[in-house]
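This is the structure, below, for whatever I ask next.
Which chain is which? They are A, B, C and D, in the order written, and residues in each are numbered from 1.
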């Protein structure tokens, strides 16, 4: 058994190759090799051993994102292959961002045609006495903007639509 | 969708019939009917609502046993149908009970041919300065006894063999 | 004692109150909006009633729905928690008119303390120091004259104000006229009221508050101070007690002032007097919070008193079980508020799903959580995930314990949390020295950015192994077992062997 | 302070010690047997070393393996926890000979207290009351004469004894001769030594112990008492502090005796003096445990002192940071030991898999757990699953809080736990009245049986719905998603709707 996995870390793609080796795993990350013992626990826990060192990590996945908690830090990894697969399917684009509660639009930071990266702020809103950022849930292109600064929007109102940049 | 499940509770078999009814479940337990909302959580949790009442239960399963924790109590339910299924397959009998550590056999409470119920004490041992009960992991019939009182047994020694009572 | 209490709140504070009731043998009724149907507080309570859609104005602020539920289910008291209806004197009166006990202060005390002007006046009468200021007239001419008498810098404040709206810092006399005009406009827009008053600006103050408890029989005690100077967006994020600024003499003077403040308004139940303390260690009454405070747990740990149980007992007519002399502080407690927010982007809420929340457990660590694995942090409510509270032997011990707890708090999902930020604040030399003032976060963490170094190999390996091992052991859809027991919480592929 | 400490133990106590080290900034090395490869203590430590097969004699008792590991990884101290090597003076000497610090008392103090006869003699010299007895001669004739002088009932005890072996209660002179003979046989068989001595039998005693701390500079303090009378099979299952029996005068006398006992043997570090207290409130030295005690957390909560950190600081040469006068008790703490055992069958271990363990969390609740979901309770080690500890404002509050915590502790799997039994003990009128003596469990719970009423409908419904909903949402074996995200902790089939 040998599995190759790829993770997007910022703008870098890292390849991880996992291979069974007796009761351990031989894992290559880039040009480094590690011999790892591992056991899955509940709540997304994975216990690992590398030589003397023992580590307890937590992993959660949702769609193409993998969240890892290790040694007091967390990372979000994305799957480049998942994104490639998805680009063939227009139904899987990030789609419309709607207002989840009534509020006041403070600022709209994007216009149709803008390329956005996951996490980019698209719209600033005020609701429930708090300022809120509406951010891009994935990389894509702004297809339409449905609100403007100063506008009071109802719940469910489409604020921004994002596509995957392909012409369908 | 309608599912019928059976649980063995002591020497009683209870039938539970589950049926979807809109966003709830209509559940019949014997001749009582309950309209229940339910949601699964992590760690085996199930949140339920019946009218005003809200309940949080925990459920774990292992082979034919279901463990339920509710309102400060726990119950072990077994599946009568699983037991019936298993009785046709000699490979699925409870099998041999072995000593998991070296110790002294204090008493042997069964003999070949004895019918035993899950939980019955078969052998009393002393190991690690503690007295230990070796109990029947399932209902069955004692096929063989591999130890006697006063004997010091090694780890892995077969203490008692249990069969399902069928002649194969 | 009461038979059944309705908790008119949600999240961690509702859970906290239900727990106290359960330990006291009192039945509980939870209320919930559509967004909270599966929340912990709903399943912990004996009964639960849906009171409307997610927006608070349609559920948790619906006094009519809440009182209906309380009456229908036979409650004899309502605990309001904090926020929502907790400081609404009309709700107190409605509750009492319905024949139920309100677990909080009398409406009249709440009204006085709810008005900036009335509270200032009451405190001045009671001899409690207030920030020097001027409120005798709203006329611009009078205000400008008074401003020169007060001196600069000063604060222009809206009489009807709150949350910083209609507030202006004026450093220089030349700015005053414009500041008055713009504050009036903003206050009129926000509150439909353009009255203003002036206060001396206390520069770089400590925000220190005193917890008080008062029974129905005129006994009032304080349970010492909480240091709450670490704030962002005018909201506390780290609180501790004792305050590193405090000495026994100042503690005694401020404690006496806090008791006097509560007595001046006929206060009953738990309340908090907030003070500003300037560089010269002068203290000034800021306001009174006429309810349980978010940060009440640190007082509970250091004073050894359960404040929620005390509230319930007081409301049930019991006298205070202790005198001021019998109370003492022991150890050092810190609370960090864990928020779904982005400290690198002005602490804006960064909401979403919490896929996995693994809370730290251990001696001296308390987590009052409102969000658990599988929950969603939504826009409807405060984006606080939990309060993380530690008790240590002394301040240094408590800081190290808090760092340990933050290190071991795993929250995975779309939310961004302030955990890395909090750890950096705890490690800052000024925090370590106990020299935090209310401008501390702005002054020292304005350009804070999270560590964006790439993940170590072991994080990538954890992700990859978790994926490979999970795929290998997943059960078939018909429930047949591919590898072991699909319902077991453990699925093992590679056991550990002797590693030496 | 030390740089790196090896923890020569497993389970909850190893976790407890690692945590203290982490908070103090000290690196840790865990050791583990094959059975513990994935235990919490192994993954929490910075490094971990396998020291052998599961039986303790092949791993946790292998002083050579442990010292090798400590040297190889550059440790400068060893913490032994409790049990295993913790009371072995030879191991202390080996550790010190290897140039490492032993976090515990000097070998000599351990040796004296480890011998029943030597300890009795040292205590008598120090003026600490011991149980009246006779040990001057082992000759039957002398013993019988001495017995008549002591009076009946009395205890025949093996000089080399332990765990009740070679011990006989003699109620009547006529039984004495047989008792001596059979005790000699048993002691010879068990210990290869047939020496005996006599003690007056203290009837229905309270078992009360005092925690002491001593530094290297001759300062000794006590941290008050623990009431440990609730026992089964001569082992404590519920401990509390303060003791309901205690009054200030008795506490002072017993505390002074405890300090004198420690001083008499040149004790250093944390230790516990166990006393028996009779109906007339006379107290008698029973033995000293020269190590950290299982039940140390209740003292930590009520005295506000971290005993593990104190142990480490003392071993590193620091003086005690407090005097006797600075120590005080506040609140009331109770510990329940959660065992995998069957209280209806003589408390025999009832081991197996723990499929799911959901620990109670909340204010005033501490869980020191050695077993978590997916772990197996095996025959190799003590079948204790966890220590459940609560701190309340007073005894009644602590009892209610403990009942709450037991109620909310969910342990599912093949193990039988003593949780229902513990709840019944807490509710017993004699426990509630604080009138527990060491025969309490035997006298009042000898025929205890668990509630065997059939499960309520909702338990069966939970089982059925869990099965139906899980089957519907299980992922396919190739990892394709049948319904939603198989890696999500939440799989929802039927959302809640407005229930009113």
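Keep this in mind: contacts are C-beta pairs under 8 Å (C-beta built on N, C-alpha and C of every residue); 3 or more make two chains touch, one makes a residue touch a chain.
It should be emphasised that the depicted structure is a prediction, and the values quoted were computed from it without experimental measurement.
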item: Smallest number of contact steps required from chain A to reach chain B; value: 1
item: Between B-D and A-D, the pair with more C-beta contacts; value: B-D
item: Distance between the centres, which are taken as Cα means, of chain C and chain B, whole angstrom; value: 47
item: Centre-of-Cα separation between chain D and chain B, whole angstrom; value: 31
item: Rounded Å distance between chain C and chain D, as computed from the means of their C-alpha atoms; value: 38
item: Where chain B touches two or more other chains, by residue; value: 37, 39, 41-44, 47, 49, 52, 55, 60-62
item: Multi-partner residues of chain D (at least 2 other chains); value: 37-38, 48-49, 355-356, 373-374, 470, 487-490, 495-497, 499
item: Chain contact topology (line, ring, star, complete or other); value: complete
item: List of chain D residues in touch with chain A within their complex; value: 30, 37-38, 42-49, 73, 356, 373-374, 485, 487-489
item: Residue ranges of chain B touching chain C (in the complex, touch as defined); value: 37, 39, 41-44, 47, 49, 52-56, 60-63
item: Residues of chain C touching chain A in the complex; value: 54-56, 163, 342, 345-346, 348-351, 353, 355-356, 358, 373, 378-381, 383, 406-408, 410-414, 420, 423, 451-452, 454-470, 473, 489-497, 499
item: Residues of chain B defined as touching chain A within the complex; value: 42-43
item: Complex contact set, residues of chain A against chain C; value: 3, 5, 7, 9-10, 12, 14, 16, 18, 20, 23-25, 27, 29, 32, 34, 36-52, 55, 57-62, 66-75, 77, 100-103, 121, 127-133, 135
